[in-house]
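The following pair of complexes shares a single chain, chain A, combined with chain B in the former and chain C in the latter.
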Partner chain A sequence: MTLVRYLVRRVYHSIPTLVGALLFIFILVRVLPGDPARLIAGPEALEEDVQRIREQLGLNKPIHTQFIDYVTAVLKGDFGRSIKFGTPVINEILFRLPYTIILALVAEAIAIAIALPLGIISALRPKSKTSYIASVISLIGASTPVFWIALILIYIFSVSLKLLPSSGADSPRHIILPAITLSLVLMGNLTRITRSSVIEVLSSNHVLTALAKGLKDRIVITRHVLKNALIPIITIMGLQVGNLLGGAVITETVFAWPGIGSLLIDAIFFRDYVLVQGIILFMVLVFIIVNIVVDVIYAYVDPRIRDVLWRMS
Partner chain B sequence: MEKVLEILGLRVYYELPQGTVKAVDGVDLDVFKGEILGIAGESGSGKSTLALTIAGLLRPPAKVISGKVLFRGIDILRLSNDELRSIRGRKIGIIFQDPVTYLNPIYTVGFQVGEVFEAHRGGKILKYLNEVINLFKAVKIGDPERRVYSYPHQLSGGMKQRVLISMAIAEKPELIVADEPTSALDVTIQAEIVELLNEIRKELNTSIVFITHDLALLLEIADRIAVMYAGKLVEVGKTYEIYKDPLHPYTKALISVLRYERKRRPTPIKGSIPSLINPPPGCRFHPRCPYVLPKCSQVDPKLVNVNGRYVSCLLVGGSDGGGS
Partner chain C sequence: MENELILKNLSEARKKQLIAMWEVFKSNRVAYTSLYVLLGLIGLVIVGLFYTPYNPYDFDLSRARQPPSLKHLLGTDELGRDILSRLMVGGRYTIGISFISVLLGSIIGSTLGLISGFFGGRIDTVIQRVVDVALAFPTVLLAIALMVSLGPGILSLIVAISISTFPTYTRLVRGVVLQVVNEDYIAAVKLLGKSSWYIMFRHVLPNVLSPIIVQTTYYLGFSILLASALGFLGLGVPPPIPEWGAMISTGRVYLFSSPHIVVFPGLFIMITALSFNLIGDGLRDALDPKSRMFLRRF
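After this line comes the complex of A and B, so read on.
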């Protein structure tokens, strides 16, 4: 019950964030160069036609009226119709969403599977080979641009070895390259955070208590080091997933992966401001939700946070 | 008397980039069955390092350079990791200074105490719930049936220290090392904890090595006192003898401060504790000693027996054999 009450409170407290985001998105889209009405009408359209389209879209109304119209529509669940596709924005997003979700999850899973053990081992054995590999991976992950990793992988696996497809999403094999590309970037950060978090917990006093009890090293490490070290790692993982669910713009574009990120790029190039608005709003929502989920996981791991969070609700 | 612990020529150094810290530099000490041995020293005198060494908990960069720590005749410095683990928590318990950071914040205190039984008897922790509740009763934690499910942050400092004590006594160890167990607590709570440790000693006939900077506290509870200065012991003796007639100039100075309220102005000890990286040559106390002799900066005095008491001072029973 406390959890439900907590969630209700969190959603309620998200409203100001959401309103702020709506205002910001609205202004951002209006100040972008390019006239959507003229774009829709085509380069040889008459001024009357452009004017007519402008009226249809409501672009001739005063700016504050436009904002109120926009917010009312959003509250009703109406994200508007895409100018380019003529379909409801929400449909476009929902159509692309599964691709983004699967790519995000596969990439994060690969990153976790490699970065966590690597970070842990390099913290426990700072002078080992694994530790060296971990530093190299964090360095590559942190300093290499995504598009470059993507191009190199395409060059090796698609062009030279002809093993994997380089674009599209027609078969499960298509996900391999974009997922690896993304996971390499995630891995760098995750390895570094895991390593430093484990090192920090290792030197804390309660670990000495655990040793003084005569517990086996393995239990001390898993129970008293790793579980405590998990707390900052969860934050990073949450942020990463949140980021990815909003669409991995560059990766999706390079690999022509039909997710939210490439949809956003298309929308921007077409000056489809309704679609752009919709996608950005969707990203904001994803972030709010991911933050709440991360906090709940936090509370599950750390009773101190649990007490504070539950008490506030 | 029956010896529980015998420390012989112990040297523990820390190899740091700034230099070698000689935290424990030649310590000889016996702990007898059922006694409370107080170790008094300023911060930075090496007393915590000594505590960790006795409890078999030294970790790098600490390194044992030489010496033996015989627990029941077995040198714990030469034990394998597994052998050491079966002693830690079962035969030797340790109580740390700061109850807040020495408990893991994410487990209930009952679970953390139950781990001691798990470590030495095996099985699930839940199996030992009754033992843990009984332990909590023994250390006078109110409402123990509920308290076992509390998390550390839900308990007061004194309560947390009781939890740590219950961990240390869970397996009825022969030796308990208490490293400043009351320093982080209020004075009233301090008295309660000291009283508790005294009761435990009587009940279990456990030896307690009580380490503190608070000599006044030791005068109240310790049977014998060892005074530590800059990595060495300067005087070891029965509590009342040390109080009545301190022999070493450092002990004299400490005791005179304690007598301040009863007598006249104390003579403060001038200067401060020397660096353990570059300790002064000869007697380490000589730069601060009011009775300093020229040879004090050249000869490092040995701990010698003077009428059943041990003192390391050239003025006392040393090579020139003079009294105090």
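After this line comes the complex of A and C, so read on.
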């Protein structure tokens, strides 16, 4: 029960942020140069047509009424109609969303599979070759442009070796290169956090006690170190979703992967501002929700935090 | 008289401290080398202000897409323009924009953090709400959204990157201020009747300077990547300006036949960002003795 109460409280506290984000996205589109109605109607449209579109979109109303209309519509799940396709924006997003989810999951899986062992080993054996590889990987993750890595991978695997397709999403093989690219964005950070988190737990008193009791290293590490080290790693995963979304925009664009990231860039070049607005809002909502979920998991797995938080709520 | 002596000793001590920090930084060979690599790159960009081997905008299709040679050290691009010359000129945009925007972001963000932590109350709430909203956007997405709204251009890029970077500074600085603000020496200066702004900048700010400097170095690396990514997506500096990310974007069509058009600008971006990150690591160790001890222990 307390868990539910904490969740409710956490959601309640993110309402101001949500309203702020809505306002920000709303303003972004209003300050665009030019008249949105004119943009939609096209350069050759008659003044009456422009006027009609203006009324349809509610652009003739006072600005605060427009904002309230916008928020009410969003709450009903209505993100507006795409200018380019004429379909509801939410349909366009939901149609493309599975591709982004699959890409993100595969990338995250690759990142975890490599970063966790690498981070743990490099914390336990700081002078080893693995530790060296780990620091190189986290440096590459922090210093290489994603789009460039993507192009280099295409050159190696598609152009030179002719092993993998470079664009589209027609077969399972198409996901390999974009997923590797996206995983590189996440891997560096994840390796570094895992490493420092394990190091921190290693120096804590309860691990010293366990070692002093004469427990075997292996047992101390699996039972005492890793379990505690996972907590900061979970937190960072929430923040990683931000990198994942940002990285997806770039990766999907390079590989022509039909997810919502490439949809965003297409929408920008179609000047389909309703669609742009919808996708940005959707991504921000995902980011906010994921962070709420992560906070709750975080509170749930760490008894020290759980007790404090639950007593408060 | 006595006061002057104390002040003199104090400034001597500061000088000694700075020298000690420099020694620690120098002992980190990787960071020290990176500093020289970075200075070399910046030197190349500065030379580019006055001299380039070829005119970076002069196109000649008869020499298009030539691989690196003695005549064109890094080859020519799809329009026959000399890539080295373009990189030398493009650097002032990629590096310059990152520099100005991170500087702006750090100044605005830190000042807001100081105000937020020092005054507390309603102003703190307002600033924290704004920061919450900014942090609710994934950084790259926030920058993209701002670029769409502001339209392409150098000024828009500076605004977009500084808005994307300021909230971290506000959080960072506010946290340290909250720790410091109840210390005795702050109470003592307050009793002396100094103004809040004086205390904030003279006595509180020095406490947060080290983390701000380290964060700024990392962000310089990050914003190079961000600026070039926006350039690559076609949302950055408009052509024909040879911003490094934009160069990769136009060159990618020829990836199959002439990969060097894409490879060299990418290497320049990577080396710049890498240098900033490695220098950041060195600075962190030099400026924060605690983290150094921590790192040495393991």
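What we mean here is this: the second predicted complex is superposed on the first by the 305 of 313 C-alpha atoms of A that agree within 3 Å, B and C clash if a C-alpha of one lies under 4 Å from a C-alpha of the other, contacts with A are read in each partner's own complex, and residues count from 1 in each chain.
Following the convention adopted for this analysis, a contact is a pair of C-beta atoms (placed from the backbone, for glycine too) under 8 Å apart; a residue touches a chain by one contact, two chains touch by 3 or more.
Because the structure is predicted, anything quoted here is derived from the model rather than measured.
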item	value
Side-by-side fit of chain B and chain C on chain A, or clash	fit
Partner chain(s) touched by A:I265 [first = chain B, second = chain C, both, neither]	second
Chain A residues touched by each partner, larger count belonging to chain B or chain C	C
Touched partner set for A:G168, first chain B, second chain C, both or neither	neither
Touched partner set for A:G58, first chain B, second chain C, both or neither	neither
Which of chain B and chain C A:P98 touches, first, second, both or neither	neither
Minimal inter-chain CA distance - chain C and chain B, angstrom	8
Residue ranges of chain C in contact with chain A within the complex	129-130, 132-133, 136-141, 144-146, 148-149, 151, 218, 221-222, 225, 228-229, 232-235, 245, 248-249, 252, 255-256, 259, 262-263, 265-266, 269-270, 273-274, 276-278, 294, 297-298
Contacting residues of chain B [partner chain A, same complex]	55, 57, 81, 85-90, 93-94, 96, 98, 101-107, 112, 115-116, 118-120, 151, 153-154, 164, 167-168
Parts of chain A lying in touch with chain B, wherever the complex brings them together	204-206, 208-217, 219, 223-224, 227-228, 301-304, 307
Chain A - residues contacting chain C, complex	16-18, 20-21, 24-25, 28-29, 31-33, 123, 126, 139, 142-148, 151-152, 154-155, 159, 199, 202-203, 241-243, 245-247, 249-250, 253-254, 264-265, 268-269, 276, 280, 283-284, 287-288
